[in-house]
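Note that chain A is present in both complexes that follow, paired respectively with chain B and with chain C.
Let's turn to the complex of A and B:
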């Protein structure tokens, strides 16, 4: 198991390298370079080209692509993610500032959607064909098919503007920064973000559980004279869990990348809304770096999926 | 009829119907039999004839959209007779009978064991609900059971998962589980169909031993006449939801009185007779369960069909044990023809 995890982590390295190469290549293709961003355009016209070239030389911008990539990469490994073009601050700083907000909301949404998705899906499967099941199915379909921003806007309208129960957006008010002060801010975005995820987990749990309950071993379990709850949960749900865990694990990258739409709707100061801002202001280094981090998060999530699957299903052997 | 104390289970005029899309399949349509302690009743018939539904009715393990419509299933326990058909399906009393008094083994041991739990866990689960043993004692009992089923290295095997067992070993583990509470009745629903022939013999040996040692009554569902000849004390031949012929194994196999029983016997190739032997397949197909013929269900495929077969034949008692549902059961012409 441990050797497998180490081996998988090692195979992540070449993949991450390829992606970093693509990211750097993408940066290279964008118009302009550092010098053209450092010198205001109206001044750039007045400077003689030799001085600009000398400046490029001193910054290493005239070196071959591969050399510059090497320097960039070694910086990356030391935690130097480069600088944002618009804010001029290190990207590392931006990411570290924004990450807690994203983590907070995404984690809340993941926990909520997993919990409620599993519970509702189980209820739906066990009450198959009844009004409860049909209701949950319809609600689930609505949850899956209506876009998140719509729910977000409706929620703001109802709970923030009409009822005034919750703040319209943002993460906290200056001066009110304890956990309980921040909680009302968190509730709406986290719940709206989890609506679609809950609906997905619910539908998936339902079908996976119905599949498991139709298996022969459920009949065996019942033939042992065990109570229904044990048959359904220990034999039905336990076996149904594997694909659901996979589904949930593949959502883990949202912890790093954030949900672009929800963060934008609720003015949540996370990575997602920063990403949108960076795209709008054509802050290429920042866009690329967030993309790189998201891709690495996806790679890690797929490793976590494999490990979790092996942990919950004894038939899956890692390392073969 | 055997003395009541000897009988483990009596089924009387059982009717179990399955409903799908507003249609009704009379899967079991008036079946009666009894099973005695220490004896094996073989229920034979083609796929879809109602064998498994009969077994599921006894365990009350029927699919949701099906129900016992009429008849009685009486389990003669040490604490008195229990009408199983009157118990709520998954109620406490029914659950107490399952596993404890009546245990079941299924056709395919590959799918009948839960893949995510160890064999030991699944045996211990049974003990947990029917004994007062603690965890340690249950674990020891599970090891003992596996050992008695002839599983090598039971101390090690008990912690292994079903996929690490071979097919035959899985079925042994199933039997270990079923026998763990010393049930009075063991229902085996085609227990060897999914196994190869050499393993089949071992499994049957095991079941025979258990039957002898514990006096368990066995209801063996099969479509294999060879198995019947080998193991059965009594035989019931089912066709389209009815028992068309029943009796002791000698009566049914040596003097079959129903054309269907005979057709079944004639359709078996005999080992050693070579390629030249004539095998009589039964012509036609079983009728659509939703459009059953009004009379004898076998009439359409029967060589000896007469006009009277348009009405349902009555059950005729030929001897104390032998009974048949055929209008022409006493017709010499029919039986002379068969003797040729």
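Let's turn to the complex of A and C:
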């Protein structure tokens, strides 16, 4: 098991390094550098170019690209993510402020979609060929076809503006910050975010379950006289689960990506809405850093899922 | 020939006649009468045509595409014509989907917007397919470091959540229609590349490919002329599904105001106004119809893609 984890880490680290290199390269390509952001434009015109150059020298901006990358990377590893151009505060601070909200919503959506997807997919597989199965298939198809933000808009109109059951957006009201005060704010965005993933998980569970139920050991279990529900759940679903978990890990980037737009629709104060604000104001350091962090989050999540599947299914860790 | 065979009903065996005997008799009768026709169309078309959902998808798809192309015939309104005397009017006989805040006809904007949105979706999907297939088929056939390099690049691209990569590139390259197609192509070829590569790796070991290689054909010729056609089914399915995905992404980006510049009407740009809660509550005609059109269009493309998958998947052919 340990060798498996080490092997996975060894493939992960070079990839993270290459991506950080690309992100730094992209950052270098964007217009302006630290000096042009430090000095007001009206002053930059009056300063002699030699003074600007001396300033660049003293800041290390004239060093070779690879040296600057090394300095940037070592800062990154020590938690120095640089500064936001528009807010002027450390990016680290912004990320730490915003991250809990995003994690809260993504985790809730992950729980919803896994739960609903597994239940609906199992029902669909066990009733295959019937009206219930066909209906679920078509509903799943419709679920992946409606833009998530449009779903969000309709949900806001119906449940917040017309019925008044749930708040329009935001994460909490000042003074009402306990978990149960925040719950109504969370329900709608998390459910809307989970729709696409639910449809995917449902579809995959169905085919994985059908596959598992056609295996020999299921017949054996039936012939031993085991009750049908035990055959389906203990033998069918358990075996069907591994590929579904792998699929969920593949879909994590979609969940993270989806949260960007959903956060904007529901005014959710997470990393996603910060990212969009940064793209709008062309705050390049912030854009690049959030992109880099999202990739690292995806890589780490896929590592954890790989380890989990290796734990459930010994064939995975021995197979490679 | 007919003379040597016993005709229907003249069977001498004692075996009881079954349903299959009667079926066989009917076929032979038709053959003798000269009315028997072998199915002209391939299995692909007949399978696709018998898939009800896929046919519904095809009809909805055709209606929306035709309506967008024939926009000038369907509406006399100019999608950009500002009319301050007809601001925010609800749907009427003159303005089917009402008018927006500057008095522009929403129905015309949806039709003309469809042209751009469909073009972006379809264009990006086609470009991504061409690039992905060209690279995937060739590198998989050649193998070695070229293959490893292409695989690493696609892995890096696919590690990014797509919308974040797209937004990052929008921030760097700037907003324009051609940039959007370029960005979608750049971020979208990975999936098709991987599938083309996987198909190629399994087809490469087939006997007929070995034979061609023994004849001394050039690798590129074998790869593109003799292997590619056998991999077209899944590629077509993938292109269809990417079209749906790109249209959703364009809508999402333009909704945020970060996709196609707002001066060009697209489905996403029309929806952009719904970010305002007052519009959301009071002017449903500004965003609900176009949202439904997008959903219907994406649904129809997905249904077609699913039908194509069923019709081309060899493991499902009976």
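Observations, loosely collected:
Rule of thumb we're sticking to: the second predicted complex is superposed on the first by the 306 of 320 C-alpha atoms of A that agree within 3 Å, B and C clash if a C-alpha of one lies under 4 Å from a C-alpha of the other, contacts with A are read in each partner's own complex, and residues count from 1 in each chain.
The rule is simple: contacts are C-beta pairs under 8 Å (C-beta built on N, C-alpha and C of every residue); 3 or more make two chains touch, one makes a residue touch a chain.
Please read all numbers here as calculations on a predicted model, not as lab measurements.
When the two structures are aligned on the shared chain, A:290 is found in touch with chain C, with no touch to chain B.
Within the superposed three-chain model, A:251 lies out of touch with both chain B and chain C [touch as defined at top]. When chain B and chain C are set side by side, the one touching more residues of chain A is C.
Legend: residue contacts after superposition of the two complexes on their common chain; A:156 is shown touching chain C, with no touch to chain B. In the superposition on chain A, A:56 makes contact with neither chain B nor chain C. Once the two complexes are overlaid on the shared chain, A:92 sits clear of chain B and of chain C alike.
Across the two superposed structures, the residue set of chain A contacted by chain B and also by chain C is empty. Contact residues of chain B toward chain A in the complex are 59, 61, 90, 94-100, 103-104, 106, 108, 111-117, 125-126, 129-130, 161, 163, 174, 177.
Residue ranges on chain C touching chain A, taken from their complex, read 53, 152, 155-156, 158-165, 167-168, 170-172, 244, 248, 251-252, 255-258, 271, 274-275, 277, 280-281, 284, 287-288, 291, 294-295, 298-299, 302-303, 306. For chain A in complex with chain B, the residues that touch the partner chain are 215-217, 219-228, 235, 238-239, 312-315. Within the complex formed with chain C, the residues of chain A that make contact are 15, 18-19, 22, 26, 29-30, 138, 141-142, 144-150, 153-154, 156-157, 161, 168, 253-254, 256-258, 260-261, 264-265, 275-276, 278-280, 282, 284, 287-288, 290-291, 294-295, 298-299.
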